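Pasting the structures in now, so scroll down.
The following pair of complexes shares a single chain, chain A, combined with chain B in the former and chain C in the latter.
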Partner chain A sequence: MNGKTEAIVRLDGVEKSFGAVHALAGVDLVCRAGECVGLVGHNGAGKSTLMHVLAGTLAPDRGTITVEADNLTGSYSVSLAQQRGIRCVFQELSLCPNLTVAENAHVFHGSLRGWGWRKRSGELIIRKLDEIFPGHGIKAGDNVGDLSIARRQMVEIARAFTVTDIPVKLVILDEPTSSLDAVVAGQLLDFVRRFVAAGGSCILISHLLGEILKASDRIIVMRDGKVVAERPAREFTRDSLVAAMGSVAKALSAEDAAKLASKRHTGEPMARARSGRQGDEKELRAYRGEVVGLAGLGGQGQTEILRSLFFSAQRRNRNASVAAPVALVAGDRQNDGIFPLWSIGRNIGIGSIRRMLKGWLIDPAREDEMAENWRKRIAIRTPDMKNNILSLSGGNQQKALFARALGSDAKIVLMDDPMRGVDIGTKQEVYGIIRAEAESGRTFIWYTTEMDELKNCDHVYVFRNGCIVADLARDELTEEKVLHSSFAEAL
Partner chain B sequence: MTMLRRIADKPWLWSFVAAFATWLATIAFTGGQGGEQLLTAAFTFATFFVIVGIGQMFVITLGPGNVDLSIPATITLAGSVAMKVADTQDSMILLSLVAALACGLAVGVFNYALILILRIPPIIATLSSSFVVLSTAIAYGRGLRIKPPPMLADFTTAQVAGVPVLAICVAFLAAVMGVVLHRTVYGRSVIAIGQNQRAAALAGIKVERIRFMTYVLSAMLAALCGYLFSGFSGGSSLSMGEQYLLASIAVVVIGGTSVAGGNANLPGLWGAALFLFLVQSMLNTYQLSAGLRYLATGLIIIAVIVLAGGEKARR
Partner chain C sequence: MTAVSPARFLRAILPALSLAILLIAVYHLNPRAISPLGFQLMFNLAIPIALATIAQMCVITVNDLDLSIGAYVGFVVCIAATWLQEIPVLGLLALIGGILVYMLLGALIHLRKLPSIVVTLGMSFVWLGLAILVLPTPGGQSPGWLAALMKYKPPPIPFLGGLVIPFPILAAVVIAAVAHVGLMNTSYGSILRGSGGNPKAIERAGWSLLKTKVTMFGLAGFFGMLAGLALIGLTTSAQANVAERYTLLSIAGVILGGGSFVGGRVSPVGAVIGAMTLTLAASFLAFMRIPPDWQIGAQGAILIIVLALRAIIDRLEKPI
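Now for the complex of A and B:
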């Protein structure tokens, strides 16, 4: 091998597609003994996919995987990764909640056999917890389900570093500090440095750029499934990292800026909401005819605030209120949107069912009329609206959900990242409909993880940790500002 | 061809086919004797199965985990309260009906209070409430059998040209409930919740209110059944509800309603109720021993469900 230290893992030209989405578009990555590699990138940049490839849970479509100079492409798997001493701490915790801490440790170490395995497993995991998180307060006999989320994350991390028969060479930490407070997170980063100094190797993924800059030797920046920057950590600053993650926004021409000037007028907002965790006076407001965007990283409280707005129409809520009927367009179609046994027409009609009543009974003629009307307006591609909803492609199912919300009498439409997995053509059609509906007086509140979609909004709120951290009018909106607020350090 | 396929697509059809086949098998054994009387009896008893089956069907349609196991106890309580209130007086017929329905209302509210406030799964909530309800019935009635008012007894046993009057009334009730299921906001909401409860809530359906109404509906239909059956069988008794625990669920499932929720079949209740009764009388006619009868009943029910379910899976 070239260089003074050999590569533990080497990926060359790895590609992975999910349908039409190129999650990884030719990634090269080398990880050597005695270094910590930081990995950053915006949502959907391909970080998690890359980690799944390294852990053996996903096989790449193309490219080679080399572990300690052995080409393992094709035969690479989870158990092979384990045998080679490659461990992974995933974001979604993998502990069994009904087992104790000791039993969970044992799941990992088949070699702890015979009498007293529970005691030995317990000692193993507690020793490692003491080493990483002194004063952790966890007992080997505790049920994992009874532990707080932070302690569960600590057990998960400690377990990845425990050793019985196979030495640990590389540990991948995917958002390891997301549930830890600053003190415990600091303990972990100190341990990572000690582990690396002793010849181990780590890959650290985090949205907290300060952590990345502090703990890594080398930083890799990903965007759109590719590595766009790779340099020693000391050559990066917070600002240069943010700039590397997103394209630097072009300055708006004066004419465009005038066109985009905020349409906010004084008067009563149609909807207002704040998070219970919000420390300051910031609150979300949406006025008549506005398209309001909710930005930030995924899962920072945007969905929760949409839900509290939605249900505030049914039951009074201290933190949210709406001045008109609301409808919601779900992003998670299968779980939150579709009625799988019903026709397309019925799936659309359920949102406006009270307007189809004739006396006490639903009038089938009006139901069919509404279905046909929306098929034309929103171009749902089906020969017959009486066909089952599942006969449609994902994008067309999403259109049906839009039709359900837009066809209702709701003056406020909430959208929960509804364009996930929708093709670009459908997206453009729906953007057009949203603009037209907003001009005719409807209010839209739109959670999206895609920067491009924010450009359709009149006003954007950036969320982090369940709170609003930035409040940007359209003419102030740049990708850089959104990224900056999304990644700002927690106090 | 398409016509045939459309008919074969109706899952409730199978319950009627099974009922008819069972009837044929029975009268073939007796050489064609007693066929009409058998049908009359089948309609009489099926009527009671259908009343409770409608309520259970609405509950099961709410989706996985929803089932009402308090139906037998409610039948018993409503029957004994109504007969005691009526005190064999014809003038008290309406008041005793109101008393029976009030029992149903109370049980339904109690069941849903357990489910919603104490967060107990419906299967446990309704099972445990049925012990409370049955104990109340025992304490209230002291096990005495009170005869029904003569007019109620006459009404529940009356026939027109071999067709029980009660069956005609309940057929009408079933038709009304069919309209409620498919053409009202309430019915649509039940079916939507059964398919996808989260989506239903996010489409603006008031899920808890609809579930509450459904458990109350089921208990009130059980109470109605208890009232009518007391009139039919010459008075209430503490064991009168027993056979309805399995029967109320069996008629729903055999009738083609999806146990996974969101897909209800009202016509199938009739076919299934007739089938359940006819299987019993067929096995009685064959003079099998009690053990064999139970065995055969179980196997036949399984066979019908597999046949009907298999058709559905292939579609």
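Now for the complex of A and C:
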């Protein structure tokens, strides 16, 4: 290690698991005064978890946290991080929309009290905004809720750099430019360089590789909860970064490729959709018996296109159309998927209730029959389908949701990253079910953030910024291509 | 964002506008009502309602709802008409106890993550029961000083040509000013409102959400107590369910005054104006000679009209 500059923060062997998912599997990280560290990685690489550990909002399961040579592993918390001058700009905005810009500055700086606190808070935040984003056009008295999302992000960033009683040593910026335009993003990066030159320290997370290459001194690449590469920024290029993020590309065996021959030549598409923001002629098309994957980083418009497909079945839509009934398998199980008070059987049956009617009422015999049938077909592990849905493990709950969609008369099944947090065994079973159902003529449109799942798809569309940026048939699909399209062009 | 958007401006003046329109309508029906004495009579009951509305607003600021405020005001009225009159120390202790219970409820709701609607609905029966225990049959007597305070007539102001400002108006201004300064102008007030707007952000910045909730419920208990005292000063004798309607009136007042149920968006000045509008609506309907059986329904209709106007204004603001 370089002896001249002291480490502000040092993480050693930090591990963190959420259920079966190892978000961090032994991460070492050092951040010194006077440097900007860039952090890149694909979805689920563990970047955000790492940031939450650094900010004190998540406690690691194992490993040590050292701040300026003090071992703070057990006691580390948000307030301790703040006392040590470690600030974090989270991806989700943490401003109060009902307060003014000045009042939000006060939320961060409790010491701004007494007469004239509003004026002093306002001056503090506006001065910092002037410094970082000249010509920002924000006033201290503006209500945050009335500002555009870009201006809100500017306020949030500026607030992280404001100083009252505790000097700022390390600022963690998690996708800070996601809603800023190029000019403003450039202003921010320039400021980061000035801040670092003055002895501060920054950790920058961004999916814009050009930004990372331009602003950082050192770049850390994460994959599967581990650091897989760490080198000075000048030794990286855009291509070598992308290569470091992906796993070694596995060549597809000939028989696999043959099995996955395109089904595109047959007939009309079952579903088609395009994004309103799409500039060119690219559109999403899914044919009978096809499994279509939607790839790219999280939140780049994949869920929106699934929604517009789903609702186009009920109401005509300019940008989306489907030729058969549609079912949706929700990704956010707890909020959009299960009925937590109902039994497993009823949770499955709700999608096909019309077929179970006897007069005006639901026929319990037919309901039980359907539940039992699905238990056998997809092996839901429960002694009794009349048990409450919450008695199942997460993976089995997800299977029940699949059964709901597959049991309905829907010919098109939309999947909104449904396998999040599901163990590998269950995943394999569900992949098998999907393939079998596709063989028998169903169409699947599958948004996934996991590279491995794309290998189960016949055709893949990569999304960025709400648009389709790549259209790959199965035999053209490589991890590298997906990564290249997911990350924006260099600035 | 430099200029105030027209929708925001409309929304801000809507409470005052509805009050002004009602006043003009009342003047049209009965010009003599628009006089110091007329104001005194029409707005007397607005004082306790305004205080109860401020109490409700405190709870709504932190995204909760108090369904027990009416019963609590009734409890205070009964305590004031009996214990406070006979054994002042005991009465005072009971009133302070009421505020402490409110603070405890705030802590309970925060710590156990209970829905405030359920907790306060349950509490409303507790308050009503306590009030009946204290005063089983209507009666009691208001403490003399309270009755005197509520009958206070401000002296004419010499430099305004001897203009007499009616006491209810003066009281409303004072209530609105105190609540506005406390909640909108102080630095901790912004934290209190922020904890309704984005609790996670407030917590991340190192503030205690328990403290904000207890503070707001304590303030609700305090203003509810003032509402009860003001009410007994006006009515001179008490009854357990005298303030039953205050629960819904106070919620209506907050919303009428420009507040929202969630998100910490409240306006103390608006809330007081909302309470006055609701009171005036009752007088207006009396002047219209609408039979008492229909008055509550008609009051509801006025409320729906104003809220519909606000919904339209909100919709103006949305599609940008």
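Note that the second predicted complex is superposed on the first by the 475 of 491 C-alpha atoms of A that agree within 3 Å, B and C clash if a C-alpha of one lies under 4 Å from a C-alpha of the other, contacts with A are read in each partner's own complex, and residues count from 1 in each chain.
As a working rule, a contact is a pair of C-beta atoms (placed from the backbone, for glycine too) under 8 Å apart; a residue touches a chain by one contact, two chains touch by 3 or more.
Remember, it's a predicted structure, so these values are computed and weren't measured experimentally.
Asks: In the overlaid three-chain picture, which partner chain does A:Leu99 touch, first (chain B) or second (chain C), both, or neither?
Replies: second
Asks: Applying the touch criterion given at the start, work out whether A:Phe108 contacts chain B, chain C, both or neither, answering first, second, both or neither.
Replies: second
Asks: Contact-wise, after the overlay, does A:Trp342 reach chain B, chain C, both or neither (first, second, both, neither)?
Replies: After superposing on A, A:Trp342 lies in contact with chain B but is clear of chain C.
Asks: Please tell me which partner, chain B or chain C, touches more residues of chain A.
Replies: C
Asks: Examine A:Phe310 and indicate which partner it touches, taking first as chain B and second as chain C; both and neither are also allowed.
Replies: first
Asks: Quick check for you: in the superposed arrangement, does A:Ser440 touch first (chain B), second (chain C), both or neither?
Replies: In the superposed model, A:Ser440 contacts neither chain B nor chain C.
Asks: Does chain B (first) or chain C (second) touch A:Ile138, or do both, or does neither?
Replies: Second partner only, chain C.
Asks: Would you pull the chain B residues touching chain A in the complex into a rising list?
Replies: Where chain B meets chain A, its residues are 179, 183-185, 188, 191-192, 195-196, 198-200, 202-206, 262-263.
Asks: Show which residues of chain A lie in contact with chain C when the two form their complex.
Replies: 57, 78-79, 82, 94-99, 103-104, 106-108, 110, 112-114, 117-118, 137-139, 142, 146-148, 151
Asks: For the complex, which residues does chain C have touching chain A?
Replies: Those in contact with chain A are residues 1-2, 5, 8, 185, 187, 190-191, 193-194, 196-198, 200-202, 204-207, 263-265.
Asks: Under the touch definition given earlier, write down the residues of chain A that touch chain B in their complex.
Replies: 310, 314, 327-328, 330, 335-342, 350-351, 353-354, 357, 360-362, 404, 408
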